[in-house]
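Next come two complexes built around subunit A: one with subunit B, the other with subunit C.
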Partner chain A sequence: MTFVKGQGMLDVRGLKKVYEGSGRRVEAVRDLTFTVDAGELVCLVGPSGCGKTTLLKCMGGLLTPTAGEVLLQGERVTGPPPGMAFVFQEYGRSLFPWMRVGENVELPLKQKGLSRSRRRELVADALRSVGLADAAGAYPWQLSGGMQQRVAIARALAYEPQVLLMDEPFAAVDAQTRADLEDLVRGLWRERGITILFVTHDIDEAVYLGERVVVLSASPTVVQEQLKVDLPDDRDQLHTRVAPRFAELRTHVYEQIQAAKRGTPRDAPEDAVKTDAPPPA
Partner chain B sequence: MKGLNLALGAAGLAAFLLLGEAVPRLGLVKDAYFPPTSRIAGALGDELADSAFWTALGDTLTGWAVGLAVAACAGVVAGVVISVVPYLREATASTIEFLRPIPSVALIPLAVLLYGTELRSVLLLVVYASFWQILIQTLYGVQDVDPVAEETARSYGLGTWARIRYVLWPTALPYVMTGLRLAAAVALILTITAELVIGAPGLGARIAVAQTSQAVPDMYALIVVTGVLGLLINVGARSVERRALAWHQSVRGEVAV
Partner chain C sequence: MRRFLLRLVFVLTLPAILLAVWWAASDSSTDVYWPPLRTILKTFPDVWTVERLRTDAVPSILRLSAGYATAALVGVALGTVIGSYRRVRAVCEPVLEFLRAVPPPVLVPVIMLFAGIGHTMKILVIAIGCVWPILLNTVEGVRAVDSVMAETARSYGVTGLARLRHVVLPSASPQIFAGLRQALSIGIILMVISEMFAASNGLGFTVVQFQRGFAIPDMWTGILVLGLLGFLLSVVFQLVERRVLGWYHGLRATTRRSR
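Moving on to the complex of A and B:
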């Protein structure tokens, strides 16, 4: 157990989640094991309905897994940990319409018990980072979808998390806004050195953003494959997306997802664990 | 457009008042029971000059306001507690459904037995009638909490109390406001009823006195006053609602982004 500490920021071990209710038993996640290192940007892709959101909610302490565990810096996650921030897909529902943008960003900080001046500093800094420095006084519903998701990201940043969990955050915005937001996330990640786990169903997005892509199988979910993205750190929408290596990687991930849908997982979990992290002793 | 509507509204009201003047004067109804508008207006003028009228108005408003305030506080607190404590909602649902339809007026004998013609008698009826309006709306409102908003709050470490304050309460507020508006109208009805039937001091009791002393125009004048009160209460409640819910879709309308 000791080697785990300091090595993985996030450890997911043998995670299993079964929903039971009204006579139906749904195994959303069967057995997931993977690690996210400190400062890494990992993208999780998988066929739709493969339990990505379930997995993320278990990691964020919002759901209790049926079996297995999630460790944040070696500490078992039992509830939402203070070092973790969550960005939801449904920004319109995740931001509180009764609070102004600044108040939305500030609310979690109040709960942290930070001083007023420190809170102001963090709010202003976070809003500046996402390019919304002068939107603090607006209500979220006065902003466009892309701007609202920026506010949600600012709220997460101001919280100063070690780990940022993002659940298909750009699924509901248009393509151009999406490209901007992708660059924003990469920029923030490089600037702030936060560990980011980014869930998406978009293969291009996963390859473009991630340092590593974890491909999940169809439900009941296991890890289909883990793939290192060996693209240069400096990425941009114009050149990276037409690079031959990008095409190779996306084709590979695409094939994996198709294989996952057909339900022929190639014993990937063991392989992957061997290459990325030693198996638990 | 707004000016036109206002003019039409004023014209309609004027026509209605004229009709009230003409019908008794033409002898279509007995003017002893249905005095013309001008006589009612005259009686209203006399009432307004009488300090006893203002005392009665004050009594009525006191009964209304205190009753409504007690009902609102109790209704909101009970609604939130019933929703937040597990199983309490299920346990109380049938009792609430049984108690709610009991007409407040049916409690008049009980009120008289307990408190005679005191203010407390009025309050019992007013609180009983308005409490359910607010409780039911609060229960609906609390159920409307968005699961994503709730999960957001939990993921940022907001505890139970903070989630009640920052998520549950603002979500329920539009419903509570509707409940409050309905309760404000019901509270006025019950205040006047209680005064009229029980004889607790107030406009209702004054209407009863005017009736028994054959002061028919005065009776109408007092009825007009209660109508105006109802109108003002509704206007007031709506403006409070608009202020408190400036962020809500029903008030802000569609925003062009």
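Moving on to the complex of A and C:
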């Protein structure tokens, strides 16, 4: 399948997810439509508990949406597609503690049926690009939290995905490590040209990292706003974060999220879906 | 080296004291059933010759190994299936709980009826007794695979046999080993019991033979041999476990430290 850059790499159309169980019906995601272009780095922010993880799992083929669809390069996602890699928030539970770092990175490649030499090449390259070239023989639990998340990122890179889905990957590491990891992700994105969808609840992080920020409403989730981040491509923790434009953008996103929390979605359809959630004020 | 010696002292102190107490308490004993330890130890080399070890200890150990291995294989295989599917579990669990509650020695007469009194009967008895802790622990272990790990495996296309081999079984292995450990002591007990019922050789058979022939010191040496065998097997088990579950002990030590 040929693919033209600039077209939708990832299309989310009318996505809806309702959890049903034990007499309770929870509408986590109501109606989401947005597109991620090839080679774009898009950040999704929203108030906590707004169904970000649900959305990402639907996109990654880990959950089946109740309605709507997710298209990867025009093809409907029905299960985890080989062109997508996932980085989870809980690195400690996402890396296999019985495997050494190198084996963790290599396992998905074995499943892909790659040759041993190719696997070795990819593992070494991925570990090098996250700055862990020497850690292949260690067990994940011998590493710090930030390093473990680097391993998870290396595993995703070695998988050679077109799209990288990251679910609040840095929520559990300390602030300094976090800054380093943010720069790592931006560096890798610019270097490798992969499409990244980055979910976070941190507004600064979203503005700092993203080319575009998609603000989600409170649950049941719709798109509150999409915002282009017109900061220069070269960003660094020191200067970008004190730039006036950065402050404007983050203030704007912050206001949007506050509005979302108060439950005044700008474009939420007032349809007749029955929910347990209180009606918008 | 000094630490090793110190540990050795720690390990040996209590057994030495117990033996000394036994020695002192039984030294002047004239009771036929309670011979002095001195007598028992003197009898030991006469009874447990290489020839006797070959004819009695080796068959016992072979039967134990066969029964234990069968139980391990069946227990892990069935446990994995039951643990993986909620429906199967719902159907099987009450039955399993009942079967587990039946004391295995009571099965010896029953199994004798259809398996005779040969090796098959004894191996079967050991296997049937050992399988429950292995099976039930495997079910629990397989069930408890972390949700994030399961999702990670799925999102990276690790499914089917690879998932079983690289994710499910390693993740369940600490539980499986807990079951294997319980099963080992049950296995030794059943090895002895099955030989007491009907056998022509074996450690359990020998102990009963001595008792019936009023060779009381000899009987006591048999009990000592059984104790030593159990101890030896548990040491071997620990060595294997430390190797296989090295990651688990390391992980636990790290989590403990960070808390």
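Here is the rule we use: the second predicted complex is superposed on the first by the 261 of 281 C-alpha atoms of A that agree within 3 Å, B and C clash if a C-alpha of one lies under 4 Å from a C-alpha of the other, contacts with A are read in each partner's own complex, and residues count from 1 in each chain.
The rule is simple: contacts are C-beta pairs under 8 Å (C-beta built on N, C-alpha and C of every residue); 3 or more make two chains touch, one makes a residue touch a chain.
None of the values given here were measured: they were computed from a predicted structure.
Within the superposed three-chain model, A:S144 lies in touch with subunit B and out of touch with subunit C [touch as defined at top].
In the superposed model, A:W98 makes contact with both subunit B and subunit C. Of the two partner chains placed by superposition, A:S217 touches none, neither subunit B nor subunit C.
Shared-chain residue A:G60: touches subunit B and subunit C both. With both structures placed on the common chain, the touch criterion links A:T35 to neither subunit B nor subunit C. By the touch criterion defined above, A:F88 reaches both subunit B and subunit C. Across the superposed pair, subunit B and subunit C both touch subunit A at residues 57, 60-62, 80, 82, 84-86, 88, 90, 93-94, 96-99, 107-108, 111-112, 139, 141-142, 155, 159. Contacts from subunit C toward subunit A in the complex involve residues 146-149, 151-152, 154-159, 162, 166-167, 170-171, 173, 247-248, 250-251, 254-255. In the complex of the two chains, the subunit B residues touching subunit A come out as 146, 148-149, 151-152, 154-159, 162, 166-167, 170, 173, 247-249, 252, 255, 257.
Residue ranges on subunit A touching subunit B, taken from their complex, read 57, 60-62, 80, 82, 84-86, 88, 90, 93-94, 96-99, 107-108, 111-112, 139, 141-145, 155, 159. Subunit A makes touch with subunit C in their complex at residues 57, 60-62, 80, 82, 84-86, 88, 90, 93-94, 96-99, 107-108, 110-112, 139, 141-142, 155, 159.
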